[in-house]
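Both of the next two complexes hold chain A, though its partner changes from chain B to chain C.
Right after this comes the complex of A and B.
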């Protein structure tokens, strides 16, 4: 029995070691990151680490030496005394000096971290259950960034890829060598926007605006996650930053704005039922399937089924209303600002014609865009 | 032993309580001859001075960073 257990543990350990070596970039230490601040944080971390190592060596060194040197077999006898003011003062002053010594560089780094003045670019980051919205203030551009890892990988029906749960449909594109200010807030519960390579980890709190900033040195892809438990899909709202040169950023901005206009224009033309169903399925899997499931069956007791439901097979106005405006007191969000008119029309059409729901009618994007007009993003600003 | 602690001794006792270390001899003296109100008042005064010192320290640190 004992032998079997040992073998099992042994092979388990072997597997664990193999798995660890298979992940080439896996390290135990903090990342030095790609910004001036992240490098200061890393240096601070290493400085304090080595101070701790030195303290441990001295304290345990003296302890072990004393135990060994004054052992009983050598005839050592305990010296009984109650207190010694001098020794107490010494062991209070030394830690005090060490703490002050650590506080000086730590304060310098903190002051730097909090100085978000003179930023060239402002990006508002809003946390949603469970996605991020990025708003390029002054550039009339905003979009949602959703998890793009396929459902099959999450449910183990397909192999997990390299960036499993760390990939999104739209990257937060940022220019390098530019001071960028992040304004963080939330639409529902407290989230936390965390990108280790930038050494930025800041809470996104509903009703508050927190500030952070960065200047990225090197172009590249930097990944992060939500760092504040925010509900069911807390682990499914990653952050992906794509840092590009300043010229590429201007080009990207122009392209993204042109795309946005094309989407708005697309709502004006007439869509066929097939087109709507096709796009609707994509939108559904991206925006709805997390709760209502790809099969439309929902989760009994938590998220209602859409398959054969009263709303998805009933009056179209009520269906449009709940998708656009959500339902307060439940997890059902308002999607009017999250999806474009054509996406909304497509997904509603899809829900009314999929999984055996067969109303055969199409909701047109033009119909939705008329409903969106009074409170679209631009009107609010 | 029953001598009353002087103002200076009271101050030193309060400061050593801030520091967290006091000799047994001083403790005996304080508890035999001292009056609690003196220590409380000195303590409040020193706490206020400590807060002011921290405020000044932070201002100084921020002014260094701003420069």
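Right after this comes the complex of A and C.
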């Protein structure tokens, strides 16, 4: 029913549109989602929506009836009645009762949403400007998840694909039929982790750890976005969940851990300057260009230029230090836990040899790996 | 027509008219001049903020980045929000209060005329400072009109300091304006006008003024804490230094929620003046309107955390704020029922002010319904920070507050200028605005529910259709405001002569003085008209 009304209104407006944008199916309502909680939320939403529609019909009905019948042009004379205690008490009590009727199911759903006890899997989610880090706490596995939509699509130089802006390089893989607890925090500003299909939206706040939970019923891909303004690329830090069967999840965990070892091992071999430059450019575009710009020119007053900068063309130790450890109190994050040793070496090498910075020297992954070893504490408190 | 005589009489006795030249406006202490200044300033800000909104909507016309960079986009949303709230809506209400409150209560002027001059003249400087940040290194504030820390402290552009001082100045201006209105209403009423005979516009403004005095210092406090964090090494909001970013939100919304009522209560007052006039019938429940306004104001201090359902407050807190928020629906409902009951069995006509008032009742109520939906905490998890919220607050602010201001302007323009409006142009403005506003903001409910977050410069493809519709609507609405400008100027410059009682059903002291109202009204207290005795 809601579909029908909203679609009629919508298509009335929509008819004026060009075909060009009709690429994806449009929705006009909340998703019922794929969890028990998300379905209760959806039902609650629909119930309250229909109550509002009913009240609106009555109130606007009387109003339009008066507008039609009690107009001067039809010879209506004003009947100067006013103040009627009975009427006034009735129109105070009835809304109150309706509200109580709404509050009961709302409270029940909220209580359910707050019960994160007895989770089987804990995933820590950390917001960064502008990416998410997922840490499977009991499984020694963590990784970053970045937007993977190519820049050319955003700047309209290439056709936009189906999941434009809602695709990432690494999915958050989760098992179905498992109570999963999310522990949310942030490394810098406040972000908000939102996946509509799970009806989970919780802020990731520096210095706090928030809890949320879910039990996913159906395998599938579920997409979401950051929902709290977190700076320039707030619109470009999506979330993609891949829900798989419990067995597949175990398999995936094993594979992912093996991959991680391979990457660590890669740091031990010798890399050529060309290899480093090539990988460095990719890493730079993914992790640094949002602030320092692809041209290395930065944004005056906000993000310094790296092209010709004192650090990127000076002492290598200082350069390595700021990239590994960031600079506290600024938007420059510590990248030591975000990138692998070879990625760090590559990006630093790239910065020292791109855009006319031409030091000619390579920073080797092995050198970085040695610096990374003594880390014990994690980036967040 | 005793009152009329006294005014004219007073005029003859050498009371000076306005000074000449720019000095008239710079040094004026006349409530009518200051009201005029406020209203023109507000209109200028409305167009400035409107251009920014159109820039946002132009970028969102299609997916992809076409016109502006994401960083600049954020500056536009922030400045648009700040300018509309503090520059367009609030000064417009103060301007209307300046013009109408003394005339409605039979006072010769505001109680504190020099302070009145100050409270206006601070504003242009405050906004000049704020708008100048657009040209600074690092750009203007880009953290949203809610400026959550630490995005607005540790991670802010350097211009944030100017923003903080601009907010301080706006706050001082508002507090002074509020003190003046309270002093005027409490002390300068004509003998016989007891509180329960006060016109509703004065009542709602009186209550609003108390809200302003209560919460503007809180806003000043929160920006001062930011200033300390940024420049003096404190850590109020910096987690790394033991501070609490959520504290910022509590303090901000303790100001912020009453602030939204500051933007709507005077609108309720205007509508409560207009509907009885054009229904030619007394307001159905005067006393219950007063009590409803007061209860809304009191409740508005108890609901702030409904903006923070997702920050992770404990279950008990969540429930408290949910129930308290739902409760506000009761007095708000009482207001709407009262307006409808006033129309019922009246004798209605539909001049431009009435059309805007009727649109207000319907569209504000729609905004109220989405507000009720947002109050339901578990469902708000899905709505929060999406376009559903953008749709909600624009329904209460644009066809709510802004339509009420326009209704008020059309209603009182004959009194201000001495000329009747060209009704055909008024109706043209109304219908273009009404259609434009709905095409702009109705589809935002859909894109919000479908999952589009707010404050993003680019979006996924499934949101494309409705964004395009909304952008088209925004341009219709924005351009049709030029008709409003035209109407105001035309009305100032000429038109059919307005009678003292410019509208057939209009009641109240302001309709006893000639149109245009003389520079000084009520040098001696008038007698209350029959209907108010």
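The rule we apply is simple: the second predicted complex is superposed on the first by the 331 of 381 C-alpha atoms of A that agree within 3 Å, B and C clash if a C-alpha of one lies under 4 Å from a C-alpha of the other, contacts with A are read in each partner's own complex, and residues count from 1 in each chain.
We adopt the following convention: contacts are C-beta pairs under 8 Å (C-beta built on N, C-alpha and C of every residue); 3 or more make two chains touch, one makes a residue touch a chain.
The shown structure was predicted, so the numbers you read here are calculated from the model rather than taken from an experiment.
K.L.:
Which holds for A:83: it touches chain B only (first), chain C only (second), both, or neither?
P.N.:
both
K.L.:
When the two structures are overlaid on chain A, which partner does A:107 contact: first (chain B), second (chain C), both, or neither?
P.N.:
both
K.L.:
With both complexes superposed on chain A, which partner does A:310 reach: first (chain B), second (chain C), both or neither?
P.N.:
After superposition on chain A, A:310 lies in contact with neither partner.
K.L.:
Is A:226 in contact with chain B, with chain C, with both, or with neither (first, second, both, neither)?
P.N.:
Once the two structures are laid over each other on A, A:226 reaches chain C alone.
K.L.:
Comparing chain C with chain B, which touches more residues belonging to chain A?
P.N.:
Comparing touch counts on chain A for chain B and chain C gives C.
K.L.:
Given the touch rule stated above, what does A:206 touch, chain B (first), chain C (second), both, or neither?
P.N.:
Second partner only.
K.L.:
Return first, second, both or neither, reflecting whether A:92 touches chain B, chain C, both chains, or no partner chain.
P.N.:
both
K.L.:
Which of the two partners, first being chain B and second being chain C, lies in contact with A:318: first, second, both, or neither?
P.N.:
A:318 contacts neither chain B nor chain C.
K.L.:
Which chain A residues are contacted by chain C in one complex and by chain B in the other?
P.N.:
82-83, 88, 92, 107, 111.
K.L.:
Going by the contact rule set out above, which residues of chain A touch chain B in the complex?
P.N.:
Touch residues, chain A against chain B: 82-83, 85, 88-89, 92, 107-108, 111-112, 115.
K.L.:
Tell me, which parts of chain A touch chain C in their complex?
P.N.:
6, 9-10, 13-14, 16-18, 21-31, 40-41, 44-45, 48-49, 52, 55-56, 59-60, 62-63, 66-67, 70-73, 76-84, 87-88, 91-92, 95-96, 99, 102-103, 106-107, 109-111, 113-114, 129, 153-156, 160, 162-166, 188-190, 192, 194, 196, 199-203, 205-208, 210-211, 224-236, 299-302, 328-331, 381
K.L.:
For the complex, give me every residue of chain C touching chain A.
P.N.:
62-66, 70-71, 74, 136-139, 142-144, 148, 150-151, 154-155, 157-158, 239-240, 243-246, 279-288, 310-312, 315, 318-319, 322-323, 326-327, 329-330, 333-334, 336-337, 340-341, 343-350, 358, 361-362, 365-366, 369, 372-373, 376-379, 381-382, 384-386, 439, 442-443, 446, 449-451, 453, 455-466, 468-469, 472
K.L.:
Touching residues of chain B toward chain A in the complex: what are they?
P.N.:
19-24, 61-62, 65
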